[in-house]
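Below are two complexes that have chain A in common, paired first with chain B and then with chain C.
For the complex of A and B:
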């Protein structure tokens, strides 16, 4: 079994047609489906939150069979993810894509659980602390992409589970939980 | 030679004794030539001088009756040979002339050892009339083959320093030019282009066609220019008249063709059931005729079945059978077109005709059909040709172990299937569209693999089924 780092690659990763965008509709649909799953899996395990199309992405090439996804193909697969709600384009030029291997709602749930597990129901934390603090080590929140975190927090704020406020320094925000 | 000396002696003697008699004798042979008061010959209408030789003796061969003319000026004109006595002669001898029309033959100069030491001689044969004198065609009916039955050889001995060979050449030219004949025709006509054209033609550009005395110098050149202009102008006028005639004829033809077209059009548009077969037959004939001339009958397009195209269609179906077999059941339309035209040799058909002929196959019961692929490529294939059978062959090819790993290219398929690579590609693309194959585009090229995507379960991506094992 081939590996990409510690990620186990499926067998069809060595199937050359996998790397050519198929024109026939049925075949293409299947191909897109496979790539979507693969991308999400890979990003989840490697904790990759953003894919930049113009940079090299290890998943998009297979040196064994000497094939690489064309730009058109990459855009096609990521657009499929965006359509499904599992990704978002960060810019109009479609060069950077935010991967939501957890949906925002899922992240919100994770935050709530995190708060409950650690007894932070009424506490205050900065956003950075949630991301990189000791408590979040070993949890899914560790190293979470800031944009996603803020979005999830905002969602929770909307639900009344917390309140976001600007901190003393301009570059950090604080959160007051009222879970 | 001896004869000559004797002749000379007798001549000299007789000349002294009987000048009048001699004069009478001489003038009796040759025609008389009129001379002006200053001794210049009076030229006939259109007669032009060509060459001069001085100190020439004219000796008719029959010396018994006629004596020779001695040491005079021999003038060659377009119409005559004029001999003028030298002015220094004490006895006024009348000028003489031989019409060129009376000359039946000019001998070519024989170069021999003798001629080196002799004075050059020009010998020619002259027709004589019944009274023994030079035949004068102007007095007769105008044809030189008239009353002159006998001929006498006359020798011109050139004792002067003139250019004898040049004279001989000009003599030939003038004699052959027969200027005296065309003068008659042109004088009878009213200056028609052909006459003057002929005159200039026969004259060989040597002489101007008007009868006045030839001018020398710049005036002569100018006159020549003028005459050339006039003759060109005339011939152009005539040419344009012909062209006008042609154009008017062409106009008639076009009108006729239009009328026929109208008739054909009106014939089909009027859907009368009472049209009898004869009418239809003749209409078809007219269509065919128009087609053969190159005029596309508007009716053909509507009726889609002119006889010409029908016959062509059948012929094509017959012809294409063998190339189809050789090509493995499918042949590119363009290839078929080239082969067909080459076989025809002449009467090549246009691409339009080809298309028409092929589309007519639907209406007949022929074993071939025209097929258009998604990519736009058009092929001729056997009706019996089955796509399924081709797909089965492709599938067996593409599931071979080697092909599972590296796929197949159109060339591989072409070799296995026994068809042209372009055709093979079309088949592969069709198989792909049916989901049998999928493509792989890389710097290595365009290849096809067996489509394994359906085998993959997205929920269980790591499950390896049998075909995948073959990949590794």
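For the complex of A and C:
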């Protein structure tokens, strides 16, 4: 089985027609489903949060079979993820896509558990500390995309689980937990 | 044969008796074989009848008793038919249907027989008996009699199992055969190798595409569109497990 680093690629990735957007509806639906699963799996295991359509993304090409996904195909697959709530377009031009292999609510739950596990119930932390601090090492929060993190924090703020306050610059944005 | 007097005569008579006996045994064996064959035919016809008239047999008591009487005469127990060989074959049939349904989105309802058997063996990993291609074919022919649209077609060197009502004509079949070399064909290739007009080639390929039996590939470096056929590439195991 072909691999991308540690990641095991599914067999369809080596079948040339899957790199062309299929015209027949039923066939296309199956194709989109396979690609959606692959994209999510890959992003989850490689901790990729943003896919930029116009850049080199390992899944978009297979040099072994000499095939590359057209822009149209890339957009079709990512749009399908967006429709499912598993991704969001970051720009109107649909060139950049935020991948939600965990939904925002799932991230919120992870943050709550993180707080409880570390006894941070009444503590204050900066957003950067949550992302890159010592406590987050080895957890799913490590290296989380900042946009996603802030969205999850805002969701929790809305539920009264914490309060976000601004510091002197964006890097100082802080969070007071009341989980 | 006239008896000859004396020892010579006795020996001749004994030889004659042996010959008659051998002949008699042969005739008896022939009759038995014929009878067995007729019985087997009759039994399968009875089973077929039972299947077709299942509802009548269930609903009509007098019809039912007559049917049972007929069965008893030839040693067929319609109730016991649910076990053993008959059911085993039907069991395989059900699994074949499951596999064909599961792989249909990937191959359009046409699957290589060898690949089907491979997937079947994987499904039945824990069974003591291995499933042969013959077992598969037998189960499929049973499925066919149940009117489930199953069919085994030959395309070139391969046997393909069709699980959808798509009618494949000779043109389609020829393309499937052509595709076995590389897993795909181009319009030019079809025109050239089969000496068809452009229109005929496009028609056939379009139908195969619409039926989900073919997939297009526009990424070939020479820019020509390729039509790939999952059923000849053992693609059906792709994405179906993981």
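One rule holds in what follows: the second predicted complex is superposed on the first by the 175 of 179 C-alpha atoms of A that agree within 3 Å, B and C clash if a C-alpha of one lies under 4 Å from a C-alpha of the other, contacts with A are read in each partner's own complex, and residues count from 1 in each chain.
We take it that a residue touches a chain if its C-beta (ideal position, glycine included) is under 8 Å from a C-beta of that chain, and two chains touch if they have at least 3 such contacts.
Since we're looking at a predicted model, the values are computed, not measured.
Colleague: Do chain B and chain C fit side by side on chain A after the overlay, or clash?
Modeller: clash
Colleague: Scan A:165 for contacts with chain B and chain C and give back first, second, both or neither.
Modeller: Neither: A:165 stays clear of chain B and chain C.
Colleague: First (chain B), second (chain C), both or neither: which does A:27 touch?
Modeller: both
Colleague: Once the structures are lined up on chain A, find the stretch of chain C hitting chain B; candidates are 22-30, 40-48 or 166-174.
Modeller: Stretch 166-174 of chain C has C-alpha atoms clashing with chain B.
Colleague: Do chain B and chain C touch any of the same residues on chain A, and if so, which?
Modeller: 10-12, 15-17, 19-20, 22-24, 26-27, 30, 34, 66-67
Colleague: Write out the stretch or stretches of chain A touching chain C in their complex.
Modeller: 10-12, 15-20, 22-24, 26-27, 29-30, 34, 66-68
Colleague: For chain C, which residues count as touching chain A in their complex?
Modeller: 105-106, 108, 184, 209-210, 212, 215-221, 226, 228, 230, 233, 235, 237-239, 242
Colleague: Which residues, counting only chain A, touch chain B once they are in their complex?
Modeller: Its residues touching chain B are 8, 10-12, 14-17, 19-20, 22-24, 26-27, 30-31, 33-34, 37-38, 66-67.
Colleague: Which bits of chain B are touching chain A when the two form their complex?
Modeller: So the residues of chain B in touch with chain A come to 407, 432-433, 435, 438-442, 447, 449, 451-454, 456, 458, 461-462, 464, 468, 471-472.
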